[in-house]
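Pasting the structures here.
First chain A sits with chain B, and in the next complex the same chain sits with chain C.
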Partner chain A sequence: MSAVEGGPAGGGISATNVAILGIVGGLVGIYLASILNDITATTYFSFFGGIGAILAGVWGADAVRRVCSYGLGTGVPSIGMVALGMGIVAAIFGLALCYVINIPVVLGPIIAFIVAAIIGLIMGTMANKILNMNIPIMERCMVEIAGAGCLVMIALCVTISGTLVFESHVATDITILTSVVQTGFIALIFIGGAMIILHPFNACLGPDESQDRTLYVGVEKGGIIMALSGVASLMVLGVIPAALTIVIGLLIWIVYFTKFINLTKRDAHKVIGTGLLPTEEELQ
Partner chain B sequence: MTDPIIIDMGIVALTGALATIGGAAEDLESDVGSQSNPNSQVQLAAQMDFPHRIFNKAISGEPPAYGLWCASSAVVAAVLLESMSVFFALAIGSLVGAILLGMFSVTAHMGRTASQSRFKQPLYMDMVIGHVPAIMAHGYVAVFCIISFSYIMNTIMGHPFPLPLLALFWGVTAGAIGSSTGDVHYGAEREFQNQPFGCGLNASFSGNIVRKGEVGLRNGMDNVWACAKFGGPVTGLALGLTVFLDNWRSTIFTGDNAEWFAIIAGLIIVVVLILLNRIVELNGRKAYGPYKDEEEGGATA
Partner chain C sequence: MTDFISLFDPISIVLITIGGILIGMGVHFIPVGGAPAAMAQATGVGTGTVQLAAGAGLTGLISAGFMYHMLGNDGLTNIELIQVMVSGAVGAMIMIAVTMFIGQLVYVYCVGVPPVSAKVDKDPITGDIQDIYVSKGTEGHGIPTVSFVSGVIGGLLGGTGGSLIYAILMNAGYPESIRSIAGPSPEIVALAGIFSAGVFYVNAVVASYNIGGTIEGFHDPKFKRVPKAIICCLIASLLCAAIAVPIMGGLI
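Then we have the complex of A and B:
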């Protein structure tokens, strides 16, 4: 399907600013959740992970928007799933490496992010040079989607488990391995994180797509996935931390869904209750 | 005493039956919202000056979308299973999946319609209110069936994967089968039913889909009504057979080297299916042949 006109996507916020928001916001969310939980010896601050996931997801959605505006229609999910596959491999690699070579867990997200960026660069180069896709910003966008995907996965892992520790020698400790991987919640993190990044542009695809409306869908979907991660954390962290994540996620969803509806009314040709199709004259 | 293999086969049959119903509902849900295969022509219609009242949604491809509904439902069910009976946990989990599907459908339809404003495609709110409950209802049946047979595989058949992961895999499988099997009935036939059957789609007809119904303007409800006659059931059959045959071959063999017999049986099933597909394809080519021009008795361009 080539429903979009090929060419660079415009928008109010520059690609670099969205990237800074995603990287800084994503990492700050992950670290705030993990460090505040450690300092206070509670798990109440896990919801910061969800907020980090939303910010990183919005960055990923903007990268998808930029690369897919070059005429990729059905390619939107394909390109995203490749990048997010790289993202989750890098996320697990970075977090597990800290346990294997015994270094502080706070280095995990940064190692994972760098690994995701390197794999993204290799995939982007292969797509352009070997598959001859010849999209000018392909390499950069693949790095961005893989990096954003990696941060979203780690942030959602922290939301559910409340910690950055991948595995522990103490059997009773809550770790990402026991609370996210073995329970199967990683399935939700993978596909939910992917949808925060893939759905916004796919939902708003068309020649009159606008950046603010697309990114609001990203924030709004991020809120829903955050709330679902809160439901999963009920089994791991208990009622109060889970309730905090669920309530904050739903509030974000309500606020940004309302904003999305308002922008839809702004951008649509006309929003009507019901009616017949436009006549030939009206179409001229 | 009943032979254990009879009970095992009963469970295999149950998973197959659930998958058949789930597959059919999955395809019909995507027909209400014109997801996947038919979507490109619905999207194109407004851009070719054919405004319409057909629900236009695309949620990042049907397989990932169904992966999300099923994985989320399974996560909620897995949490509820700690304190609730199986039936209620699966039912409430599926409800959450259906609500999620509704939320994504609303943004997908409204977002895409608003992005076509230069072609003067209006956003009809009665379509959103009318179609989304039907989408959620079909989605609920599909998700409930998929997470139910995933639960049976996990707890009764002893599959080593946890419930959310199994639900994700089977959700992606159901979405892929619906997208490639049943949706073609809508995309290739229902959208272009004013063309002679088997004529192929001439490029000049792109976007010129049927927009008027038996009564009034055609919408997603009219499409699901038509597709329930063939596309839906055939998707159910495909998913049901996939689940049934896969579980059958891994259950029927017992004793030494059972796993090897299961692998060989799987290979035989794949070879037989490839041969059957080839026969169907050859018969189709023989019956309809290559595209004919108008003067040779083919479709008008």
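Then we have the complex of A and C:
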């Protein structure tokens, strides 16, 4: 149902640069949050996870933008949901594997990312070879979308729980399993994370779509989800770390929503206030 | 590491793969019209495949979870597994039927179009003539009887598949050795639920790519593409199952 069908999406930052920003930014956000929290024995740095989620989500949004500009026929939301479907399976696998085979938790995100990339590659190859979708960049974009979905999931998990530990032998420890999965917040970040990835292009698609405007929607959407995961972490981490996440998320949202409005005015032919519709008496 | 290898339970993986294939087939039965149907210009419900399949599938998951809670605290026997699957199937069928029925009311009484299919001349079930009722420039509108029946079959397959995946993952995460009267711990239930949702989305999207976003039901010519979707869903859910089963088993 994409309005633009056919050619590749062009302009702005190159795909590789956005990918580097997403992978490095996402992983750095995840590790900064968990390692700084570990070193200082606090949970104040959990908001770095939210920033990582935004960067990884923007990467995913750019990949969605590139693949969907060919026209999928199923609407943009489908690819966002498959991103998080693959992402969540890979993310939980990576994080839980550290507990199951007793390896350091810092390896979790990397394993998850690699597994997501493999699932994405297989899905992309199947879409082109078996289903004959014939989108030249399908394989690459599926890898990117799955990877981004996986990083967004892990980053938001870290934002809520403040740790990378999936499950612990000590019953009192805060872990992702007890604070994110058992509480059901995982459903929130499943749909919320999908929104960061699928909504920007879904909202901006059309003949005059431009990369910077689309990606600003991604950042703005990420700000909202970050603030929401801050609200979720209120009952896990306490007031101060949660408040930090909420405030930073809302700030990002305000800044980038303003930027998005400005770009919309730039790209629109003209923005004028028409006032309300005239009433019947005024017309006579 | 040998311990980890032993967690790959082949029967569980095969059953989850079968569940994934059922979901993929179910999507082909559901009358999805996409954006054109939202404007009453194509037959089917006016939204995307993923939204419809997920709506029905997740409702099925909830009713399957309810039945599991009733029966499964001491483990599932084969007959109880079937009861869980039937419960999930009924949940999904109710959900998709309600969606189609309310959509139908909107199409008939608000938009003012007769439910008609443009893909066949006669409704294969009722035998009603279709082609003369199709408005010019459209590909049918509303949900004719055959599409409604097809949609309910889709709910049956999707719900069965989704609840099969859920029940098998629960079995893997709640094996005989830790069974107690208190039932499975909440985190295992939540994890099995979210894993099933993930596998469900992956299979639903693969199937919807196969039909190119819109289909009217089993009478649509696009329905002949089912074998391709089965192959894709087999590979995709085998992959997901191979990842999910050892993790569910390893977390105990």
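Couple of notes before you dig in:
Definition applied: the second predicted complex is superposed on the first by the 269 of 284 C-alpha atoms of A that agree within 3 Å, B and C clash if a C-alpha of one lies under 4 Å from a C-alpha of the other, contacts with A are read in each partner's own complex, and residues count from 1 in each chain.
One rule holds for everything that comes next: contacts are C-beta pairs under 8 Å (C-beta built on N, C-alpha and C of every residue); 3 or more make two chains touch, one makes a residue touch a chain.
Because the structure is a prediction, the values reported are computed rather than measured.
Aligning the two structures on chain A places chain B and chain C in a clash.
By the touch criterion stated above, A:Met126 is placed in contact with chain C alone, chain B being left untouched.
Looking at the shared chain after the overlay, A:Gly184 reaches both chain B and chain C.
In the superposed pair of complexes, A:Leu151 makes contact with neither chain B nor chain C.
Within the superposed three-chain model, A:Ile261 lies in touch with chain B and out of touch with chain C [touch as defined at top]. With both structures placed on the common chain, the touch criterion links A:Ile92 to chain C but leaves chain B unconnected. Contacts of A:Pro77 after superposition: both chain B and chain C are touched. Legend: residue contacts after superposition of the two complexes on their common chain; A:Met195 is shown touching chain B, with no touch to chain C. Superposing on chain A, the segment of chain B with clashing C-alpha atoms against chain C, chosen from 109-117, 199-207 or 217-225, turns out to be 199-207. On chain A, the surface touched by chain B in one complex and the surface touched by chain C in the other have residues 1, 73-74, 77-78, 81, 182, 184, 186-187, 190 in common.
Those residues of chain A that touch chain C in the complex are listed here as 1, 72-75, 77-79, 81-82, 84-86, 88-90, 92-93, 96-97, 99-101, 115, 119, 122-123, 126-127, 130-131, 133, 167, 177-178, 181-182, 184, 186-187, 190. The residues of chain A lying in touch with chain B in their complex are 1, 3, 73-74, 76-78, 80-81, 182-188, 190-192, 194-195, 198-199, 202-210, 213-214, 217, 220-221, 224, 228, 231-232, 234-235, 257, 260-261, 263-264, 267-278, 282-283. Interface residues of chain C, counted against chain A in their complex, comprise 1, 4, 7, 34-35, 48-51, 54, 186-187, 190-191, 194-195, 197-202, 204-206, 208-210, 212-214, 228-229, 231-232, 235-236, 239-240, 243-244, 246-247, 250-251. On the chain B side of its complex with chain A, the touching residues are 39-40, 43-44, 47, 49, 51-53, 58-61, 64-65, 67-68, 71-72, 74-76, 78-79, 82, 96, 100, 103-104, 107-108, 110-126, 161-168, 211, 217.
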